[in-house]
Structure formats: C-alpha cells, structure tokens
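First, the structure itself, so that you have it in front of you.
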C-alpha cells in the first residue's frame, strides 16, 4: 500500500522544480516592490541565482534516483541530463537578457519569473512518466513561451508571433491530448511504463497506432518537425531574440525528452517510416527554405527545423544507439544555438532593428569578437570538426549507419552540405562585405560576455573532448531503455476501482 | 434504452451546437453555441457516471471560462466576421484532410471498440473518489497546476497591460 | 677497363660558360663575355680533340657513368656517357663547327643588345647538344633532345620584341614537342618491353630478337615512333614547317642550330637506333620514303624563295631528307657522312649569308642584292666553295657524300635514286640561283635603301652606303669552313669513313653493299649526278644571269603552280586551318564557353538557381496565415493517421 | 447499454468540428472557441474511455484539461487583446506581417 | 633525439597555429607581424627538415608516429605519422609557407594581422591533413582547411571574391560530406578511426558488410578527393577561386590544397579499397585523361594569366590521378613527384602572377605584352618556371610526368599515349601565354616603366627556382624515400606491379 503522504525522498526528487518555483514566486512578489531601474538588475540577478540554485538542487536530486509521488516522476540519469540542460540554457538566457531587456526597455520582473516557471514545466517534462503530468508540464512550458514570445509588446510582430504560436500551439496540444485519450483508451493507462507493458504484451491495438499518430502530431509540433514545423519561422522571427534562442532549445529539448520516453521507452509501434519521412522532410524543408533567407532570426528558425530533422534521424535508429545520439545532439545544439542567438540579440539593438544579413556586413571589422564567436557557432552549426555540432551530427549519423539506415544518412549528409551554404552566407557577409549603412555595435556587457564564454566553451568542449558527455548520455540512455526491465513496479495506485474487463 | 435515447438527444444537441458554432458569423453566437455544447456534454458525462466532471464542466467551464470569452468579445467590440479569403490551403487541403482523418478515426473507433458497451453511470466518479485520487496519486500534477495558473496570471498581466512602460495599467 | 676520360666535362664546360654569362653577363663587358663563351666552348672542342687523340687506345664502345638520375622500383636511369665512333664524329662536328660559329658570332653580334644573353644561350645549346650526342641512354638523349629545342626556342626568339621571331620560336618548340611526343611513346614501349633505356643493354637484348619483316610489330612501332621524333627535330615531312620560320633568329643561330648541328640530331638518333631499325625493315622503309619525299618537296619550294635565308632553310630541309634517305636504306654511315659534310658547307652557307646580310645592312631579300662579289670578295669566295659543295660538284665535300647516298639508294630502290638525282638537280639550280642573284649582276640594294627601307631588326649597322666586307673575326671561320667544304669529303674516298664507322653499324652490311654494285654502275651513277648538278648550274646561269627577264615569264606562265610554290604549297595555311584554328576556336567555343561555362558551370549555377527557386517555393508554405498553417497541420495529421492505421491494419 | 464507440464518435465529431472551425473561422476569438470545442471533444473521449476501462484516471484527466483550458483561455485572451491593440483587427487573415 | 622524434610531427603541425594565436597578442604593427610570421613559418620549415634528416630511408611504414588516445567514445586517437608519401607533402607545405609570407609582404595592407593568422592556421591545417593517421583527425584537418582558405579568398581577394570563396567552400564541402558518411560507416563497422586498424580490418576481412558497402564507400571518398584535385568535371571552382584569391592563397591552394585530393586518393582510396580502385580505375583514368587534355586546351585560350595557370593545374593534376590509378610503381612514384613538382612550379607561377598584379592590378593578358623589356629578371624567372612547368628535362616537371606516363603506359598503352599529348599541350598554352605576356613590343605605354623584381621578391622566387632545378637534376633525393612508401602502398596490387615494372 502506498504511503498516504509524500515522504522526504519524494520532495528531493522534485527539488529543482521546487527551488525554481520558489525563486519564480520570489521574483513575482518582489517585482512590484522594486522600482523600474533596479528591477532589472535585482530580479535578473535573482533569476540567475535561481537557475544556479536549480543546478545545485539538480545535483542533490541526482543523488537519489528513483520514483516519486507514486510513480509520477522518475529521477534517473536521463532526467538529470535534461534538467541540467534546460536549466543551463535558462542560465545563459538570463545572462543574455540582462542587457537585451534594458536595451528594449522591457519590464523585467515577469520575464524572469516566466522563465523560471517555464523551467519548472520543462524539467518536469523530462522526469515525468505519467501522461497527465507530461501534459500539464508541457502546457506550463508552452504557455510560458507563448507569453515570452509576445514580450516585446510594443512591436506588432512580437504580438503576432505570440498569437500564432499560441493558436497553433493550442491546436497541436489538442491533438496531443486526443492522442493521450486514445492511448488511454487503447491501454487503459496513462502511465508510460504501464502503456509500455501493455503495448509490448501481445498484439498492439489499432487504437494505439492512432494514438501514436496524434501524439506525434502534438510533439512534432513542439519540436518543429515537418510537416508541423510551419509555425517556427514566423514565431522565431517575431519573438524577442534571446527568447528565440531559449525556445528553440530548452522546450525543444524537453519535448525531445518526452518523445524519447514515448517512442523508445514505450517502444512506439509502427514508427519507423513515420520518423524517417518526418526527418527527411524536416531536414530538407528547413535547409532548402533557409537558403534564400536574409533575416537572420528567420534563417536560424529554418535551421532549427533542419536540426530537428537531424535529431529525428536518430529516432529512426536502434534505441540504444539513437537515444544517446539524441541527447548529445540536443546538448550540442543548445550550446551553439543559444550562443548564436546571444550574438544576434546583442546586435539586434533597440526594437530589434538590425536582424537582417545586410546589417551583419562588416561585422568582422567592427566587432571581431562578436564576429569570431558567431563564426564558431555557425561552424558548429555547419558541423565542422572540433565543434560540438560535428560530434552531434557524427553521433546521429553513426547511429543511423549502425542501424543500416544508409539512405537516411546520405540524405542527412547531403542536407548538412546544403545547410553549410546559408551559415556560410552569414560568415561571408560578416567578413567579406562592407557595411552599407552604419550599424551601431554596443559594447559587450559583462553578462553577455559570460554568456558567450559559456556557450563557446560548451561548443568547443563538446567538440574537443566529447568523451565524458558521450559516456554519460550513453549510460543515461541505458537507464532509460532498461527501465521497464528493472522496475517491477506496482500499477498506478488508483486501485480503489477494480479494473473492468471488456 | 433510456440511456441510448438520452445519449442521442443530447448528442444531437451537442452536434447541432457545434455546427451552429461554425456557421454563426458573430463571435458572441459562436461562444453561446459552445456553451450549449458544453451543457449538453455535461449531460453526457452524467450518463457515464462522471458526476464531478459534469459539475465542474457546468460551473467552471461553461460558467466561468465562457464568461471570460464573452467578456473579451464585448471588450474588443468584435463585430460580424469579415469573409476574407486569406487561405486557400485551409480550404483545399485542410478541410479534406480533416474529413479524411476524421473518417479514418471514426472507422477505427467503430471497428475496434464496437463491441464494448457501457451502462448508465458506468463508472461513478464521485467527488470523494476523485478527490482521493487528486490528492494522492495525482498530487503532483495537481500542485503543478498551481504553477500553471501562476503563469497564466503573469501572462495576462504582462500581455494585457498597456505597453507604455511609464504608466503600467494592469487589467484582467 | 679503360681509364675515365671525364666525358662529363665536355657538356658541362659550355654549361658553366652559359651560367657565368647568364648570371653575370649583364655586368660584364662584351670582351669578357665573348672570352668566357669562347673559352668554354673551345675547351669543349679541345676535350673533343683530346678524346679523338685517345681514341685508338680505347676499348669501344666506351661508357662512363656519373650517377643515378631517376629510379623507380627496378627501373633506373643514369647519367652516363657513351662513346663510340659515331659519337666521336658527332662530337667533333658539333664542337668544331660550334666553336667556329661562336667565333663568328662575336663579330656578327657585337653591336647587338643582349650580347651576353646570346652567348649564354649559345653555350647552353652546346651543353644540350653535347649531352644529346654523348648520352648513354635514351632518356639522357632526351634531355639533350628537349634541351636543344629549348635553346633553339630561346635563340630563334632572341629578338623577342619582334612578334614574328617570338612566334617562330614558339612554333619551333611546339612542333618539336609533337615529335618528342612520338619519341616519348617509343621510350615507353622500350621501358615496357625491355625495362631499360640504356643503349648497351637495350641493343644487346634487341639484337637477340628476330627481325620483324611483316606488319607493324613492337620494334616497327618503336622505330616509327622514333621516326616521328626525328621528323620533328630534323624537320621532315610533315613536321618540317618550323625550320623555315626559324630563320627569324640571328644568322649564326641558323648556321649552328638550324643547319649544322641540332637539326641533324634526328639523323643521329636514327643512326644510333640502327639496331632497332635493323630489326624493323618496314619502319626503315618509312624513313626512306619520308626522307626522299622531304628532299624533293623542300627543294621545289626552295626554287621560288627570295629570302636568302629561306632558300638555305629549305635546302637544309632537303638535305636532311637526303640523310634520312640514306638511313632509310640502311646506309647509316653515308647518312652520317653527309651529315658531316653538310655541317661544313651548310654552316658555311649560312655564315656567309650572314656576312652578306651584314654587308647590306640587314637586307635578306635577294632581289635587293646582286653584284656583291666586288664588295665582299672573301665572303664571295667562301660562299662559292660552299655552293659548289652543296650542288655536288667534285671534288667538293658534298659530292662525295651525296654520291654515296645516291649509290646506296639506287641499290635499294632506283626510285629513291631517281628522286634523289632530280633533287640534286633542283638543288644545284636554286643554289646557283642564289649565287647568281646575290653576287652577280648589279647591286640593287641602293634604290631600296633610298625608299626609306629600314633594316628589319635594328642591326645597328645602318642600311646606307655601299656593302662592306665583314671583320676578320667573321671571315676566319668562313675560311676555315670553306677549306673544310672543299676537302671535307675526301675522308670518304675509298670507303674510309664508312670503314671507320663500321664497328658501329656493322662491317658486314657495308661490305655486301659495295660488292653488290658493280664498278661501272657506280661510275654511271656518279656521272649522272654530276651532270644533274651541272645542268642545274646552267639553268640558273641562263635564267638569272643571261636572261633575267625569263623567270618572271616562266612564273607567269605557270600561274597557280608557281604561286603554290612561292607560298610553300600553302602548308602553313593548311596546318593553320586544319589544326591550329580549330583547336583554338574549338577550345574557346566548345570547351571553354561550351562545356566549362555552358555545361558544367551552368549546371552548377542552375543547381544553385534551382535550389533558390525550390527554396522560394518552399517558403511559399510560410504564407503567414494561421489558418493555412493549421491546414498543413491537419493534413499532416491526416496523413500520419492514415499511415499509422495502415501500419496497424497490416 | 450504449456502445462506447457512440460516445467516441460523438467526441470525434466535436473534435473535427473544432478543427474545421479553426480552418474556416476568421475571427481570432472564434478560432479560439473552436479550440475549446476540440478540447471538449477530447474530454468526452476521456470520460468514455474511463467508463470503458473502469479507470478513474480518465476523469481526473478531464479535470486537469479543464484547468489547463482555463489557463490557456486567460493567456490566449490576453494575447488577443495585445494583438488587437497593435493591429486594431481581429481578423486572422490580416495578421500576417510575419511570413515567407 | 627520441623525444624529438615522437613529438616532431606535433610540433611541425601546431607551431604555425600556435604562432597564429600568439600573433593575436602582437600589437597591430604590420611590420612586426610580418616578421613574426616569417619567423614562425621558417621555424616550422626548419623543424620539418628534421623529418628528412632522420628518416629511415628504406622503411616503408609510418615513421615519427605518435599515438595517444584522445576521445574514448567515439574511439578517436591522436595518431600521427608520416611515410615517404606524406613527408614530402608536409615539407612542401612548410617550404611554401615562408614564401607566401614573403610574397604577401607588401601586397596585403589591410587587416594584416588577420591575414597572417589565417595563413598560419591554414598551414597547420594543411600539415595536419598529411600527418593524420586517424580518420577523424584527418577529416578535422581536411575541413579545417576550408575556412581559412575561404576567408583568405573572400576577404583578401579581388573581383568576384565572395562568389569564388563561396563556390570554393560549397564545392568542397558538399563533396566532403560524402567522405564523412563513408568515414562514419567505417567507424560504425570497425569501431575505430585509426587508419592502420581499419586497413588491417579490411584486409583481413573482419568488417561486416564491407563487400556490399565498399563500392559506395569508395565513391564517398573519391568524390571528396576528386573535387579537391580537381578532377574533370569537378574543376570549375578552381579557376574562380584562383583568379580571385590573393597571391598567397593561390600559392597554397595550387601548391598544397589540391594535393590533399590526390594524397587522399593515394592514401585512402588505394589504401582502403584496393579492389574497388582496380575496378573503377578505367573510368577514373578516363576522367584524368580528359582532364589532362581538356584542362590544357581550355588553359590555352584563357585571357587571364591566373586562369591559364589554374587550368594548367587541372591538366597537371590529371597526370597525378592517372599515375595513381595506373597502379604501377612508376606511375605512383611519378604521381608523387608531379605533386611536389607542381607544388613548386605552380606555386612559383602564382607568385609571379601576384608580382605583376601588384604592379598592374590586373591579370588580363591583354593588359600586358612585351614585359620582357622593362622587366628582364622577372621574365627570366617566369621563363624558367614556365619551362619547369612545361616539363623540360632536368627541371622538376619532367621527372614526374615521365614516370607517370611510363607507368600509365604500362598499365594501358592508350593511357600513356593520350596522356603524353599533354606534353604537347602544355608547351602550347604556356609558351603562347609567355609570348603574349613578355614578347613583342610594349603595347601599353604605362608598362614600359614597370619596376623589375625587388630583392624581397627575388628572395621568394629563388628557392622555388633552385628547388625546381634540384628536383629535376637529382630527383633521387626524393624518389629514394618515396619509392619504398609507394611500394608499400602497392602491395595489394602486387601482382600487377611485379608484372609491369622492372625486368
């Protein structure tokens, strides 16, 4: 019989979420109390401390792996990995936003609060093993990003971006939810382990296939996989630049975590060609459409579609190879993309005036540091060795080849070559074109320097000595995949009602 | 038999409301149609035994949430819909897609779950049982919804306040 | 084992001279430059004499090894030197005539700009030519072979500011390269089948092969390909076109390279490869035919040329044809004999012509000369000796060698002989035409000078005033060569020359040959050839001294044929239209603009454009309309649902 | 006894109507209402499946969906207000600054 | 000395990049920067001489090896080593770089520091390509060459420099992803990136599914290398890249970068896939032959000095590929030698073209004419190098071409014969070009006052001229070391080799 009240270990296993919520609330409470000028520094600092505390608590959480809250969440290497990842992304985001918010003259309080609250959702997504919780945390992360996307309230594009994201996001959520309902209908459970057990025993009900399809629509939308990617460019273009860096990585990573759990742990039936096709479409559409973009934010949006495609390639591979590849890729992509957006948001200046390629002309001369850092991020996005991007791709394609997905790999590498073009275009513009109009480049504040240094270090670290990371993700993936064998867990505890037979 | 009749009657109201939602051109009418749908759905929930859910459906959903809608419609002074032709994709691809998808799902539902039947009040969802679940097994999601609500409040504050930073007026 | 003769010194000495003049000549006085050049060239000549002196004590063939050059796996090429009778003849001719021409050049080029450059090139030429001659393997020979081509290129283009000179140099090099191509392929065949290029190894292994009497076998192919090389270097049909143009170079160059030495390299090479040809009679026949045809063909062109050097150039081509004819009938020693005498008299002819040109201030058109014998008597006298020699009057040198060739040709096939005699007649005719036009009659140069004629290439002599005799430094070589032109042929009397070379080419062949021909036939042939020469002389006398108006009439009556001859049968034009123009135009239009830009680059750019278009259309999906987006999502969802259902039902 | 599939079909019809509403309605608020319709359809499914499996978590799920829908409505309507402020229109076809 | 032997490759490879990093700290005084980079590059050259000095001549395998684990998963090693093939290419790189520094002395005025940093980084990348024995390391260096090179072209070039840079980058990038795919496949199936390990695994038949995958793997590698070479019809990036590149860029591009392709073919295509190489040789040789003739013919009619040289590279590199795919000792030796010789002479030609560009700001042949009169020294150097490039015996071009052609001829007489026409073509286009540039009267009055070579320029040119001569006269200095390595490379082809060369 389950204990009637949660015990200490239960709380430890959601410690990061608790800590982040507390800090979020603290910001919320403090916001009206401090005046405009100080709020930026104070609340931003508080947010920063919050994320740091979140990291520390994640470490504490990691010390006691296991289930909590009656099989609602599971703490293992896998969830720890994504906890650290999303919190770290948020950390960099806060560092980047510091200056950005001041330049854009935006109110700070709710912003940092929303980030922290959003983090709660994303963290929970990675550790939740119950579809109810997954749904709610998914909504938390989504709604907070809807709001963040519309944060530049004076700008028509920002609110439009927010609206589109919101409408389509809710639309997709409805699909996801319908899928959950069907899955519940097919297996009689909303717990992933139970679902997995049901699906792996005997013939898979047809309803489960439909459920998978609908859930894939919802999650595919969140990770911007084709054909559910179309919202991405519009939303990314309109949303505030640092937020784009955030929402192209953190919620995405969390969504991938969910996708990993659902697809691999639950061993989703009939997924292969679905993922294959989606991967190919994502890579190709993303890369091809990016070729003629001259808005950098939009360009990076298309690129994020393509990267989602590369990640999906790993989903088509054998689970034990694909899962670590996905994890590594999300981390590497986070490092380089957040970094790239940090540069973009710094350059964007007031009202995000300077976000077209044209504005980047001559950057190599006017600000070698920014140009150099951006170049490294772009090189990593292209996937040239000793950057994280290379190993990310390498690992994905290696997993695919080991699973004999030759064509998928070939399409993938060709795509990464196509992709090289538009990243290169930015480099070319920065170094080889002369600026036609004077684009003011503000001095780089300390926080941004820190953000750039962090992302740069991560990008290079993952490119030069990826070994530890790879070992770690392999072990976590192992845990994820072996979960069903090791846990002889009791059924979800609503045993009060007897199960009916059909 | 009664069960079936009730199901059919309220199901028909439900569908009629949904279709009315689609054909009405004024948002207020659509919103009210949705209230009709919700109300009749509440009856369907009752038929299935989900008393608590039916109650919440009427009180919270139809009562509170829809009021918010109506309030906003009034606030924004939304008039009759313009019939702009902004999207061919939605008509040419979307509608057939929905119909095809819907039919497929319907086929699956009929084909694979056809034999199972439920009686009147098949699974009684009394508030107490629901409450037990909610504060024990589903304690964490329940608590987490508080974060969700916090976010919603903050979002409303951020988005609906007047953009001028000098005189922040908070509405909602 | 005979002691080392340090044969490597012979080519290296001129190279040192070339290097000194090349690097420092700009800063040295003309005296020093010429001293350096003469010293090193002369030293080579002395070395040659030394070798000749040591000759009887040597064990022949004598080989010296200097070091490895190329090695790849088991294949190896060395720097090695090879000395036998044939080498000695060539060595002496090259160094001797070369030295004389060096001396002559000092006078001829004294007032030219780039004096040091000229001598540097000249010495460089000596280096390569001697390398060629002394080479102990085919590849080393090829060094010299290509090297003399280079020197020829440099020297023809010596007056590089003149476009025609520059073009002529380039043409010479390229046409030579075509020949070299054949040579190279022959070498590859040799490597492939014999694994070596060393003369001794090669010839001993080939000697064991059976002769290929029918069809085109391996050795025949090699022989034919070598002949392509020889035809390039020695200006045979169809590759002779470069030689007349090569007259753009300074006259001593024409004398040395394009008459006496370099152009004979082909003959030397064929003679050197006699073992191969000996086993490939069909190839030999081809050599003979090409030689014979070239001899006749070039001679006919010579008739109508008015440029004094052009006449000599065509005559060179023609004479080289004789040599190939000789080789073609396996009379190698006769060929080499003619090579030697030709070196004397043709060298002399060019030098004398140079002296004439020098005298009349750079004019080369014979129609503007005439009556020069009183102005430049020494030149006239030496030139006379040479003319008689080339025409084949006894007892001049040319008579003996030509007679030998004709006799041997008759023996092989009377047709060769007949063409040979005809050629001899024509040769005699145009040479005396030259002689009469230049030295007899009245001097016609003055009117031209008054009409503001300026020397074509700033000789610096100034074209005005009476023709004047050349300085002593130019005349002495002339005289020496004149003497040689007279007596040079006597070494062949009684088959002595042939006998000397017999260790190389084999005693047997010559012995059989001499016996085959009866004494009376031999004398008849000799008489006929002398008669031909005399007839030529007479005809020239009639046409160009007695009745100077006649040639024009004849020319008019011949019409098109005459025009064809004057224009060298339009061969240059035909080559131009047939090869050069299509090649250039084809490369430009078809390959560059067509394939490169039109197909490959266009494909690339079209791909890029296509990608841009695809990109644009892919972007059309992003219409910005939320409902459309929802439509895509709905369709996507429907497709996925359908797929998944299909997967489930399956 | 009513077959479960009846309920499910009804839920499917509601869901499809919601989707169609999203596709054909121009007013942003109506579109949002259509989304609510979709959620209602899903809710019916949950309840029906709960009855079929005799498993209360389906009903609990509906409860959570409602909470989420309420939160979404708050935020959504706030966003609509924000858009209306900058655009002065509620026609979704006119909200297309961001494209291509 | 042992310590130096183990670390020499690391030193040679990374000293330039380290120098480049140090250069970041050097204040922006152009003169200091130039001198500093000259010292760094000379130091590298000096160290690389150690390779030659201490090499075991008859040892066919890799020498100066260093093999340290770098990344455990994936199993990547820091594995470097050179044999007779790669050692010379390393030396070629270190030899050309100081010359590049010298030749860029005055021609680069803006962003001098960045220029030399890029140059030095590029040198490291180039050397790394030749020294890496780990496929990952190799791929890393391979890709690393792209960026500095593209930047050199794009920033310091002229004309349509951006187009050229992008074209260069994309062409090679697109092709090398196929190699990446092949590398990943190999890793996925062998579990190691190590060249030697993979080679052994393949030779002993331990690689699962190799026989079906091998044709594709071969193509994967081949495409990457063929574009780099560039083999017809993948060559169109080259003229553009060359024409717009700054002099130093062109020198390294033609001198070394192209050799990466042929080196790759030799090392990887032949080394890993002998059977596939044999199988594909006919059409590859055909492409090489087309390249030889085609490159030459197109070079002939180019109106631009650099384009002539660029297309001549297409032709010359065709020889290399022909030699490699003849699978004969002579062919491979010759291919190696052509690589080196072409590196020297084409490098020098580009330097010469750069020198005239500094004075005239044009590469158009029509703008020149009669330059031998005002610039005799320049004309002499140019002629000398031209002749080396034409393949005159006793200069460096000949030995290689001769060996290649003789090897090709042994493999198939038609290869040798068609290839040998290249001898004619090269004379045609180079001498015609030379004539148009230098001979005749000075057609543009402003050309009559052009300054002849300065001492610095001569300093840059002399080494190439001397090298061209020494390589031609004493090729054994090189061949002695190349030969055993080539023999080792040919072991899988042993039966062909023994049949063909050397009775």
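Per-chain numbering from 1; labels A, B, C, D and E assigned in written order.
Simple rule for what comes next: contacts are C-beta pairs under 8 Å (C-beta built on N, C-alpha and C of every residue); 3 or more make two chains touch, one makes a residue touch a chain.
Bear in mind that the values here come from a model prediction, so they are computed numbers and not experimental data.
Listed here as common contacts of chain C and chain D: A, B. Counted as hops between touching chains, the shortest connection from chain A to chain B is 1. Note on connectivity: the fewest chain-to-chain touch steps from chain D to chain E number 2.
Chain closest to the overall centre, judged by the mean of its C-alpha atoms against the mean of all protein C-alpha atoms: E. When the C-beta contacts at C-E and at A-E are tallied, the pair with the greater total is C-E. When you average the Cα atoms of each chain and compare centres, the chain farthest from chain B turns out to be C. Farthest from chain A, judged by the mean position of CA atoms in each chain, is C. Per-chain Cα centroids separate chain B from chain D by 5 Å.
Averaging Cα coordinates per chain places chain B and chain C 101 Å apart. Centres computed as Cα averages put chain B at a distance of 70 Å from chain E.
Mean C-alpha positions place chain A and chain D at a centre distance of 25 Å. Shared interface positions of chain B, i.e. residues touching 2 or more other chains, are given as 86-87, 90-91, 94-95, 98, 101, 104-105, 108-109, 113, 115-116, 123, 129, 133, 137-138, 141, 145, 148, 151-152, 155, 158-159, 163. Shown for chain C are the residues in touch with two or more other chains, namely 619, 622-627, 630-632, 634-635, 637, 639, 641, 645. In chain E, there is no position where the chain touches two or more neighbouring chains simultaneously. Pairwise, the chains that touch each other are A-B, A-C, A-D, A-E, B-C, B-D, C-D, C-E. Those residues of chain C lying in contact with chain E across their complex are 68-75, 139, 142-143, 146-147, 150, 153, 157, 160-163, 165-167, 170, 173-174, 177-178, 180-181, 184-185, 187-189, 191-192, 194-196, 583-584, 586-588, 591-592, 595-596, 600-601, 604. Those residues of chain B lying in contact with chain C across their complex are 86-95, 97-98, 100-101, 104-105, 107-108. Across the complex, chain C meets chain B through its residues 623, 625, 627-628, 630-632, 634-635, 637-639, 641-642, 645.
Touching chain B in their complex are the following residues of chain D: 1-10, 12-21, 23-27, 29-30, 32-34, 36-37, 40, 43-44, 47-48, 50-52, 54-57, 59-60, 62-64, 66-75, 77-82, 84-85, 90-94, 96. Every residue of chain B that touches chain D in the complex is listed here, in rising order: 3-4, 7, 11, 14-15, 18-19, 21-22, 27, 30-31, 34, 37-38, 41, 44-45, 47-50, 52-53, 56-57, 60-61, 64-65, 68-69, 72-73, 75-76, 78, 81-87, 90-91, 94-95, 98-99, 101-102, 105-106, 109-110, 113-119, 122-123, 125, 129-130, 133-134, 137-138, 141-142, 145, 148-149, 151-153, 155-156, 158-160, 162-163, 171-172.
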